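Once you scroll down, you'll see the structures, which are given as structure tokens.
In the two complexes that follow, subunit A is the common piece, with subunit B as its partner first and subunit C second.
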Partner chain A sequence: MSKKEWPLWEIFIRGQHGLNHRHVGSLHAPDAEMAVNNARDVYTRRKEGVSIWVVKSTDITASAPSAKGPLFDPAESKVYRHPTFFDIPDDVGHM
Partner chain B sequence: MYAQMVKSEGMKSSEEMSPEERAFQDRIDRGEKVEPKEWMPEGYRKTLIRQIGQHAHSEIVGQLPEGNWITRAPTLERKAILLAKVQDEAGHGLYLYSAAETLGVSRDELLEKLHSGAMKYSSIFNYPTLTWADMGAVGWLVDGAAIMNQVPLQRTSYGPYSRAMIRICKEESFHQRQGYAIMMKMARGTPEQKEMAQDALNRFWFPALMMFGPSDKDSVHSAQSMAWKIKMNTNDELRQKFVDETVPQAEYLGLTVPDETLKWNDKRGHYDFAEPDWQEFFEVIKGNGPCNQERLDARRRAWDEGAWFRDGLTAYAGKAAARRAGASVAAE
Partner chain C sequence: MSAIAEITAAPDPVLADDGLRRALFEWLCRMGDNCLILGHRLSEWCGHGPALEEDIALANTALDLIGHTQMWLALAAEIEGKGRSADDLAFLRDAMKFRNAKLVELPNGDMAVTLMREFLFDAWHFEMLTGLTESASPRIAEIAAKALKEVSYHLERSSDLVVRLGDGSDESHRRMQDALNRLWPYAGELFTADKVDEAAAAAGIAPELAALRAAWDKTVGEVLDEATLTLPEIRFDVHQGGKQGRHTEHLGYILAEMQFLQRAYPGAEW
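Let's turn to the complex of A and B:
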């Protein structure tokens, strides 16, 4: 039964000109073209987008939940990467 | 509700939990979202599949009572609106099926369980839609009752379910308002039209109250689902909220809620109201409602008669892929 099931596609929509495409959900379709057609009906019934990307779910490589620590914790101690780390006297003016 | 009497797992005390289970509960208590690949108790996963699956089935089967009136809508505008609403229900079903699939169940498996009767959909869709006024009553009362449950579920602990709910809630308000607009039109129309509106309210009031399910204030299943934040309120809380909001709306229409015991209770700050006939509810759940057979037959027929179309698209996709592969070989 599931051998006949259409593959799953992840859908990305650009909401407005100038914005990134954002992941909005997924759907089943036999091929990429039908995935775009279906995405238009399922995810943009109220003008939610100006452009659609579809990617086969199996083509996405995701980081493992257990990798959250090693991947993202090191940034925690590097607060100097944010501009507010540095005190600039008011006399200097806007910077 | 759209998911009624979903069986959850028995509640465990903090001491009975494994370290993993305790860490999981702590995350939920902190308001963190659980995402598909993360560790979760098997009971959480199974309960969610049942709940989201049943919710999805309700959206899909819910298209049928309204689909009944698309070709007979009184104006072209009403027809376009009803079509848009029914299309939304299909969309809602698809969002929810996708959310359920992230828990490791396949779409075909879910559909198979719907068609075999192994999984349920909301009891409300086993009632017939006899007149155009029913389109008003369904939008106003049925979608209204669904909203009561879906708004808090936007904060549910499971990420994909929560995101589907947020998307659905954005669209659901249109459904309720278009229903109420139909009721306003009918209630202010000819005496016959007003009579039809009253009749629709009479028939849908108690089935709408049943949507929330029987009282669950003492249910251990409910307690576990609430601890997991996949159920946000008790059935009684939501039913009371629905009655409190709906009664003034009926008064505005000049219609009478078919409950002689209905009365504002100043002390409680809520309406007192009659319970629906739970015997009828259990009969409908068991498959003995007025339209159970018709609904399931329609679903099975749509699935079976659509098989050639699904197969055709699959065959075309296969051929097109082979052609593309052939073309790139020839170009080398």
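Let's turn to the complex of A and C:
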């Protein structure tokens, strides 16, 4: 007996006070519209969000864990990339 | 919140009309009991849904409906003025005192029956609440506006599922068509007015039931068409009497489960 599974969707929610959508988890749904419905029911029951994005899990391309060294280690010794060495004039105010 | 509090505090001339009291109590019980019994039916799926997502969605809808029940039955109890509470009405009335349409007390069956019943009811519920937001009674209009937000989503969700299952596999199509054929003769009760409905309509409290039909026909027709399902060629108002207290044998079993605790341990609190 073959059991057909709905595809997996990654869910992104923009919170009440957030400007960008954040990944909150994943769920199963037959298509994108139902994935939005399901996300509403599964992830926004406690007023967590004001907007939902859904993306098919298979459409996400991820970096390989084994490439962690070459990808991220080179940034380690480059503190000068943080803009912490500038004196900001008081007139500029909060940035 | 303050705006709502002000409306609630304001006198509601319609609700103070002694001549309307009896009819209004009946009418409010109908609104409350439809929500209560359907809410209970949907809650039976909790932990048994075919997928986690569907399980949570059905439980959410059940909770929404129980929430509506609290508002309708609390107002009914207040209008009745005999010191009963919403809980008393829900847990201490016998089957013949319940005023829900027969459609909502039928067993869940499979997901096809559950979802088709939900859709037929949601489409009516949506039109009814939309009409009630214009009610001459500010209290009733306020409850309707609050419930309408949730019911708009109920209808969207059940429509989406009816389309997907109707226009799905051979088996899902067959099950959905079977469900529609089985439930169709119960839908008409929602639109058949008696003296209680006429009194509520005449007082400007509720829309005329027959007037809701055109919009319901349109919604149901469009969704069933997209779902590749066929409207049954039988009368849709065959099974009536629920809202006058003549129920199917199924209601007693629901009440036995729902009311057991309060009957066995009167006044027990959570």
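Just so it is clear, the second predicted complex is superposed on the first by the 79 of 95 C-alpha atoms of A that agree within 3 Å, B and C clash if a C-alpha of one lies under 4 Å from a C-alpha of the other, contacts with A are read in each partner's own complex, and residues count from 1 in each chain.
We adopt the following convention: a contact is a pair of C-beta atoms (placed from the backbone, for glycine too) under 8 Å apart; a residue touches a chain by one contact, two chains touch by 3 or more.
On a predicted model such as this, the values are computed, not experimentally measured, just so you know.
Visitor: Once the shared chain is lined up, is A:P70 touching subunit B (first), subunit C (second), both, or neither of them?
Guide: It touches nothing on subunit B or subunit C.
Visitor: After lining up the shared chain so the two structures overlap, which partner does A:S26 touch, if you call subunit B first and subunit C second: first, second, both or neither?
Guide: The answer is first: A:S26 touches subunit B but not subunit C.
Visitor: When the two structures are overlaid on chain A, which partner does A:W6 contact: first (subunit B), second (subunit C), both, or neither?
Guide: In the superposition, A:W6 touches subunit B and subunit C alike.
Visitor: According to the stated criteria, A:A62 is in contact with first (subunit B), second (subunit C), both, or neither; which is it?
Guide: Once the two structures are laid over each other on A, A:A62 reaches subunit B alone.
Visitor: For the overlaid complexes, name the partner, subunit B or subunit C, with more touching residues on subunit A.
Guide: B
Visitor: Kindly list the residues of subunit A that each of subunit B and subunit C touches, one partner per complex.
Guide: Overlap of subunit B and subunit C footprints on subunit A: residues 6, 27-28, 30-31, 34, 41-42, 45.
Visitor: Which of the residues in subunit C end up touching subunit A in this complex?
Guide: 51-53, 56-57, 60, 153, 156-157, 160-161, 164
Visitor: In their shared complex, at which residues does subunit B touch subunit A?
Guide: The touching residues are 35, 37-39, 84, 87-88, 91, 94-95, 98, 101, 106-109, 112, 163-164, 167, 171, 310-311, 313-314, 316-317, 320-321.
Visitor: Can you list the subunit A residues touching subunit C in their complex?
Guide: The contact residues of subunit A facing subunit C are 6, 27-31, 33-34, 37-38, 40-42, 45.
Visitor: Write out the stretch or stretches of subunit A touching subunit B in their complex.
Guide: The contact residues of subunit A facing subunit B are 1-2, 4-6, 8, 24-28, 30-31, 34, 41-42, 45-46, 62, 64-65.
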